[in-house]
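You will see subunit A twice below: alongside subunit B first, and alongside subunit C after that.
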Partner chain A sequence: MRLIVHNMLTCNVKGVVNKFPLKIVAEKVVKKEVDFNLDFLWHMLAKIEWKALVDGARSLGYSELPDHAEALESNESFLKKFHHALLELHLEEGSLVCKETGRKFPVKKGVPNMLLHEDEV
Partner chain B sequence: MKATLAPSSLISLPRQKASSLRSPSLLINSQRPSSALMTTKTASRGSVAVTAAATSSVEALREGIAEFYNETSGLWEEIWGDHMHHGFYDPDSSVQLSDSGHREAQIRMIEESLRFAGVTEEKKIKRVVDVGCGIGGSSRYIASKFGAECIGITLSPVQAKRANDLAAAQSLSQKVSFQVADALEQPFEDGTFDLVWSMESGEHMPDKAKFVKELVRVAAPGGRIIIVTWCHRNLSQGEESLQPWEQNLLDRICKTFYLPAWCSTSDYVDLLQSLSLQDIKCADWSENVAPFWPAVIRTALTWKGLVSLLRSGMKSIKGALTMPLMIEGYKKGVIKFGIITCQKPL
Partner chain C sequence: MWFLCVFYHRLLDFRKPEVEALAELFGEDESIQWRLPEHHHNDTPFHFVQLSSEDIAQNIAKRSILVKGMYELWGQGASYEELKHSIETFPDSRKLPFLSSDSTFRISVETFGKALTFDEQRERINSLTYIPFQGKVSLKNPDHNFFIMEMDESEENNGLQPILQRRIFFGREVGFADRKLLPTFQLKSRNYLGPTAMDAEMAFLMANQAKAASGKLVYDPFVGTGSILVSAARFGSMTMGADIDIRVVRDGRGPDCNVWSNFKQYGLPTPVALLRMDNNLPPWRSGLKEIFDAIICDPPYGVRAGGRKSGGRKILRGTVDPYTVPEDKRTDHIPSTGAYSLVECVHDLLHLAARMLVMKGRLVFFFPVLRDENGSEVKFPEHPCFKLVAVSEQILSSRYSRVLLTMVKVEPYSEVIEEAARLMHLEFRENHLKWLEEGNIHSSVFKPSDSSESHTDTKSFKDPKPKYRGKYV
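Right after this comes the complex of A and B.
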């Protein structure tokens, strides 16, 4: 699971208010290189919840992201960090934890399992 | 939907007279997709408090679907390719599954669906959800076509992993990703997606009203929803339900493929209307997919096909043996292949 996906996932347990973002508990993180695509990054920058990305990256062992997003044009080094954090860090094994309930959603072989139990619906 | 039934109270939609309305869990029971439902059968007829039974039968169905696709996905991929949906053909054309023709037809199905819904490059599709994504064929195709980010959800961990691996192999990892999640409880904020895509997955949803509500919830204002699905024929004026022989045919198919009760294309249209969606359109594409099943059967009966089937296990074998029922259902006008599309208001 990459952070671009983590940035969209919510805890969908019934009644939960603080459902985004999910805290990441990482057990195995893998780095996979991905081609740089400025256009795609530009669109994503507008949609990304920045704090969630920074915290998520830290949980995956990457602390280079600035606390605030910068204007894309200005800074090549910022771009590279954004690209790396968003697309190249993979959580292979671990869990996503709801901040309100502590409910853990497992991540196995890179795939998050967001299925709810019947009493959570 | 008829005014007497609020959409949110429906679990399954074959229409019933109010006086003989069976409990929701019994409507699921009549399909009996899993042995877990057998225990609730005698207890729940006529009884009112069946919510617990209904909920656990839904969970049993969900597990059944996940197991079914965990077990059969490899075989389907071998026969159908990475698009686990039907091809779109000109009616009465003859299909050889060994041709590249069937893959072209599967891609044509995606293109015809997008076209029917009025989804073009100009619509600036940036975020797509593929609900019931299989091994991600649609997601990868749509991501490539529009340069969009696609998230796919499936109940099967085997399929999600395979979908991610195929994306990586096609250098699409940054654009598409796949999760295990429930289409009826999607882990996304409201209004996230410009395009909500459900290609041949609606059949598995036990609560059509809830399914449609979730599709609408996660669609962005101005976003499009595309549902391509197997339905039963529309009921005629004054008809309360399908004929018993028709229901019996569907029951036999449901049992094998882990399908809950069927509804009609009109039922989907009614649901969307009740949720104030705009530009609702539907079409009957049964004639355009009919050539596919005999071709699948012919492939299954080849030496290679038989060996693959035997290797894949009982669920696959049962699946193959049930295909003639699909053909029968289509020929007798019970089973329809429909598309329903709409736009969420701004």
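Right after this comes the complex of A and C.
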């Protein structure tokens, strides 16, 4: 699971208010190279919740991201860090934890399981 | 500029929509015009299409699955005399640049519906002496490729309309199909398959309808083995998929036989994410919207694979209250899922697309239809955010077909629109009640035919499908 998708996920258990972002508990993190695509990065930059990305990256062991998204979108070194955090860090094993209820969504073999149990629906 | 577009004689309904989608992808602003050659019907391989430039024609041909080639027409006629006259009237200023002495060329003869001997082909090529070819002939990789295409008159054939007069075309090739694409990606050599894996040809067609391209993010909410995403990835998109069945999406059949390995097999970038989730209860954060450039999918119709959503069937019916699984059994518990009708599934899909697609983004999905002998109007699901731009039918059996619907997002999502959409959904569901009465589409497809129909009254039993149309035509 990459941070791009962590940035989209919430805890959708019935009644929960503080759903986003989910805390990452990392057990196994892998780095995989991905081709750099400027159009894609710019498109994503507009949609990403920055703070969640920065915190998520720290949980995966990467602290190079600036606290605020650069206004200069063409800054190459910034874009490279953004690309790395967004797409190249993989959470293979671990879990995503809801900050309000502590409910754990397991991540196994890189796939997060967001399915709710019968009593959470 | 008008070009001669020659199609493969396959998946007839899909041909023009594919070209139209690709034209838009490669820069056409206005909708493109089509014309038929004289005496030809709509199912002919030959169509004239108006495009802004040769570059666009070339790009379309190269990426298209159903276009055999695009040609600049130099002449046409019902006989070789008429052809000569037609070519002679084609302006020299358009011809001479491609006939120069420092270029290489080749002339090929293609016939449709018949075969010619080598001598017959040569005779036709030699009849073109009135064209001042200055260059040298090269059969391998010539600079310019010319084609004589001949199609004879034909009678009505298994429901295919007749062609009243022979037609001969002469053109310069400006674009041709990538013939290596399908053999490379065909399912029979695919690493990880499932029962509903999308056929490679169809998956590429869907990716073309969705205008998948580099820099775009494509989502499949019913990803299964990833067959649709593989095609989108081949065309350069970043991909993302979700499924409610965790065994398919996470485990596959082993560490080297799963969705990820399907991408690695072709050297394609793996999806940015694969998730296990329920489309009926999605976990997206509330501010998230307009993030996908395209959503391409094949939702479960309930015929060979049924949809599922959260909540066991007893819970959904209210027979049993939601139960709590004890703490120690929770980690590996696989939550019960219940029946998820096609209508509800499509409503959720439209809702997802309305919110998550960028403006002008495309939703491309299959929808099953029962083939009515009366040929009554079929109603498709609608949503106020979307404009339906293409409907292509693939006939699966005499009882049912599936149609590929292409919808473009034209209105931004809002609460107001969501209310209007909900009402549209209720109305649509009403009209689908007849399926629900018969049980569902599954039983309609698989019920044995009435013996009275086929034995006694052969006159009134009409096969609604003309014989020349089948699953691949």
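The definition used in the following text is that the second predicted complex is superposed on the first by the 118 of 121 C-alpha atoms of A that agree within 3 Å, B and C clash if a C-alpha of one lies under 4 Å from a C-alpha of the other, contacts with A are read in each partner's own complex, and residues count from 1 in each chain.
In this text, a residue touches a chain if its C-beta (ideal position, glycine included) is under 8 Å from a C-beta of that chain, and two chains touch if they have at least 3 such contacts.
This one's a predicted model, so the numbers in the text were calculated from it and none came from an experiment.
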Partners on subunit A (subunit B, subunit C) - clash or fit: clash
Subunit B versus subunit C as contact partner of A:10, first or second or both or neither: both
What is the contact status of A:101 with respect to subunit B (first) and subunit C (second): first, second, both, or neither? neither
What is the contact status of A:37 with respect to subunit B (first) and subunit C (second): first, second, both, or neither? both
For A:113, decide between first (touching subunit B), second (touching subunit C), both and neither. both
After the superposition on A, what does A:1 contact: first (subunit B), second (subunit C), both or neither? both
Shared contact residues on subunit A - subunit B and subunit C: 1-2, 4-5, 8-12, 20, 34-35, 37, 39-40, 43-44, 47, 87, 108-118, 121
Complex contacts: residues of subunit A adjacent to subunit B: 1-2, 4-5, 8-12, 20, 32, 34-35, 37, 39-40, 43-44, 47, 87, 108-118, 121
For the subunit A and subunit C complex, residues of the former touching the latter: 1-2, 4-5, 7-12, 19-21, 34-35, 37-40, 43-44, 47, 49, 87, 106, 108-119, 121
What residues of subunit B sit close enough to touch subunit A in their complex? 55-56, 58-59, 62, 126-127, 147, 149, 151, 153, 155, 157, 160-161, 164, 168, 171, 173-175, 177-182, 185-189, 192
In the complex formed with subunit A, which residues of subunit C make contact? 214-217, 238, 240, 244, 246, 249-251, 260, 269, 272-278, 281-288, 290-291, 293, 310-312, 315, 322-325, 330-331, 333, 335-336
